[in-house]
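We call the chains A, B, C and D, going by the order they appear; numbering starts again at 1 in every chain.
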Amino acid sequence: MKIIRAASYQDMSRKAANILSAQVIMKPNCVLGLATGSTPIGTYKQLIEWYEKGDLDFAEVSTVNLDEYRGLSKDDEQSYWHFMHVNLFDHINIDPARVHLPDGTNPDPAAACADYDAVIHDLGGIDLQLLGIGSDGHIAFNEPGAAFELGTHCANLTEDTIEANKRFFARKEDVPRQAYTMGIKTIMQARKILMVANGPKKAAIIKQAFFGPVMPEVPASILQMHPDFTLIGDAEALALI
Amino acid sequence: MKIIRAASYQDMSRKAANILSAQVIMKPNCVLGLATGSTPIGTYKQLIEWYEKGDLDFAEVSTVNLDEYRGLSKDDEQSYWHFMHVNLFDHINIDPARVHLPDGTNPDPAAACADYDAVIHDLGGIDLQLLGIGSDGHIAFNEPGAAFELGTHCANLTEDTIEANKRFFARKEDVPRQAYTMGIKTIMQARKILMVANGPKKAAIIKQAFFGPVMPEVPASILQMHPDFTLIGDAEALALI
Amino acid sequence: MKIIRAASYQDMSRKAANILSAQVIMKPNCVLGLATGSTPIGTYKQLIEWYEKGDLDFAEVSTVNLDEYRGLSKDDEQSYWHFMHVNLFDHINIDPARVHLPDGTNPDPAAACADYDAVIHDLGGIDLQLLGIGSDGHIAFNEPGAAFELGTHCANLTEDTIEANKRFFARKEDVPRQAYTMGIKTIMQARKILMVANGPKKAAIIKQAFFGPVMPEVPASILQMHPDFTLIGDAEALALI
Amino acid sequence: MKIIRAASYQDMSRKAANILSAQVIMKPNCVLGLATGSTPIGTYKQLIEWYEKGDLDFAEVSTVNLDEYRGLSKDDEQSYWHFMHVNLFDHINIDPARVHLPDGTNPDPAAACADYDAVIHDLGGIDLQLLGIGSDGHIAFNEPGAAFELGTHCANLTEDTIEANKRFFARKEDVPRQAYTMGIKTIMQARKILMVANGPKKAAIIKQAFFGPVMPEVPASILQMHPDFTLIGDAEALALI
């Protein structure tokens, strides 16, 4: 485990973008595992800036995202598909055929998840996986529980998540209650893992996850076992370690 | 996870020895992680036979064993050091300087464990780790618990183990109550893992560990996450899967 | 460069078969590069014997052969396709869909060669390439010349070769005058290279190729640059080194 | 072979620096093979600029340079040791203990060269080798000849080189007539090779070396066989291809 202390959100984003850029430059046909959420937005902005300067070429890069809401289509503005396009893909020369997220519109969870595992397998696995962390230690939608999940599965959203999402949907029945998400095994088999974390709300979980016991009650704690895991945090997120 | 069904203990041993031999032939200076216990004895016998035929050369091989009893010296006939020499090392051309076990005579557990982690690190990690499995799912001395251990640590033996060992020691106070053992992280970072299991007493745990949830209450279950894990069992051990 | 001295042709064959077996066991879906000629026949016999004992499983193995005569069909008893089936493939559980040789019946050399390079590329390259050596230093049909050839190409057979082949053909005009052959680059990019050589006729070229200058006049000399090249020879072939 | 067309010397230098930076970021303890000459100076300038911005950390990087003049000490302003320090090492946080060049002051060429090969071997080989190219196709001091050299050796400088160097030395007898230089095998075993070339004087040799036959008369032509070779040139250098 390597911990990099960043001076600010901007600095964290630049340091993370440097690692993603290095992966793309060293292996132009690499497979990037990407994440949604507010934390990586600055990282994506920096990548777009370097792409525009001519430093980066995404033409051969493949991407797999961690998760997608069950029931949301690509057109839905709340979908992670939409998020990724607005915040990254629409601004770089990525090949649309090489962009992968779980298919939220597949009503059969077993099929949707098996399909996504097959996509990742056929790509040869993930070279570099970008992660955020939830304040309860979840990574992707792998929530605290009694066991570590393996492959892509259909996860029930917590009531907190469902509640928080309500403001984005006109009708209550449209609010997603489940998501298709990569499992812990898929994430752990990425050749390199990069986590970004900022703000004081992450400080406690970061101490617990990376300096406490490895147990399924803290899903991110398993990352302590990964041979090439880097955590980049701002001063607030790393305040307790 | 790859499961190989063997017809008998002899067949299991030959199949396991074939994999160990292949590792030695493909990478003559490889690092083998070895195990004690009754199960691998047949595997070691087969390796000795092929060595004597001229098929194998151990001159550049390094070995690291999973564990050693705290307090026992190399001379002690109950030590794992002794076991490995009697059952394998004394019969092949291994370089004594390349044989490694935790130092049972080091009275300082923290130092003994840190030293052993440093040995494994300096060797560049383990190419192939051979494992058995306990009927409660333990691997090495990683016993069922609330969390997965990471590196080498000092484990308390279960009362069952202590009781069973009593017959080997003249004086009760000589019976070891602790062992220095590799942790789960070290084992999981081996590039290839090979487990041998035989007999009906292993059938239930093999079903639970490899077809049940991944949780620290069943330490071996974590092997489901390893990218190159092979289980070779006889018909009895694999009867329930 | 690693040189292994064998006591006899049988010993050379067993040692070579050990390395091929190890590759298959360590990576069951490996890509083997195979060779024709009298030298490797003993190696193939040993592989067949171990396959029959249950030690080897070729179900997932892919093979690519070094070369094929231009103009000969698979049915032709003089074709290398035929040679490989009679001496190896007909006796093991290889998947016919995973067996590859250049297509001797393709009348367009450029297309035949490009197709074969694509096959090798799509397989992810060669894990282990078996080679013999000609007494003039040729490997496959890469003959001595002013430059090293790169990919698969159409080579003119030497008059000696054409003459020697005449006895196998009823009509003079059926004797092949060209062959499609892997180039030096393809061979050099194999992750592991294994050469077998026996008999006194090989002694001089082995000294020249592996202890003399690296130059296209001695095609095999380039193997001195390979990071994982093993030569197994009997006493006669290694007599001068 | 991958060819990247740069708009200018500055653009070439930035693109090359991006690849070197990516190597350092992806593997902070990597081994960089570095080169002297006027061409890479812009690349080194860019690396220094990014280091000063906080994007790069050389603390764990090791370097091996291609060559050193025989007879020149580290203090000599004409030594490559001096060149590398003035143009790169003095401006970044490289660990002096991790900087390696052949020892020009060792009067025994065999010992100096064997020592340097041992240094490279002990470092585990070169991750990324930066190269320029001479207008006669030489790389490092591997001059056109009848054979490819393998490891580090003592090369006689051409009369042109000796003549051109005279202006830098007060006394004629101080002008070096030989250099210790990595051989072709060492260069070819680098995991990644990056060549920079600019200006019209390089156009003809670039066409010949990378689109002509692979032969020792054009040492750089061997790079056509490398599995991961990138050429970055400005418009003038790439004018004929």
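One rule holds for everything that comes next: a residue touches a chain if its C-beta (ideal position, glycine included) is under 8 Å from a C-beta of that chain, and two chains touch if they have at least 3 such contacts.
A quick note: this is a predicted structure, and the numbers were derived from the prediction, not measured.
S.K.: Roughly how big is the turn, in degrees to the nearest 5, that lines up subunit A with subunit C by CA atoms?
M.R.: When the C-alpha atoms are superposed, subunit A turns by 180 degrees onto subunit C.
S.K.: Report the inter-chain centroid distance for subunit B and subunit D in whole angstrom, where each centroid is the mean of the CA atoms.
M.R.: Each chain's C-alpha centroid was found; their separation is 47 Å.
S.K.: Measure off the straight-line distance from the CA centroid of subunit A to the CA centroid of subunit D, and report it in whole Å.
M.R.: 40
S.K.: Per the centroid of Cα atoms for each chain, what is the distance between subunit A and subunit B, given in Å?
M.R.: 36
S.K.: Hunt down the residues of subunit D that sit against at least two other chains at once, touch-wise.
M.R.: Residues of subunit D touching two or more partner chains: there are none.
S.K.: If each chain is a dot and touching chains are joined, what shape do you get: line, ring, star, complete or other?
M.R.: If you draw each chain as a dot and join those that touch, you get a single closed ring.
S.K.: Pull out all the chain pairs that touch, please.
M.R.: A-B, A-D, B-C, C-D
S.K.: In their shared complex, at which residues does subunit A touch subunit D?
M.R.: So the residues of subunit A in touch with subunit D come to 11, 14, 18-19, 21-26, 54-55, 192.
S.K.: Quick check on the complex: what are the subunit D residues that touch subunit C?
M.R.: On the subunit D side, the touching residues are 146-150, 184-185, 188-189, 213-216, 224-225, 227.
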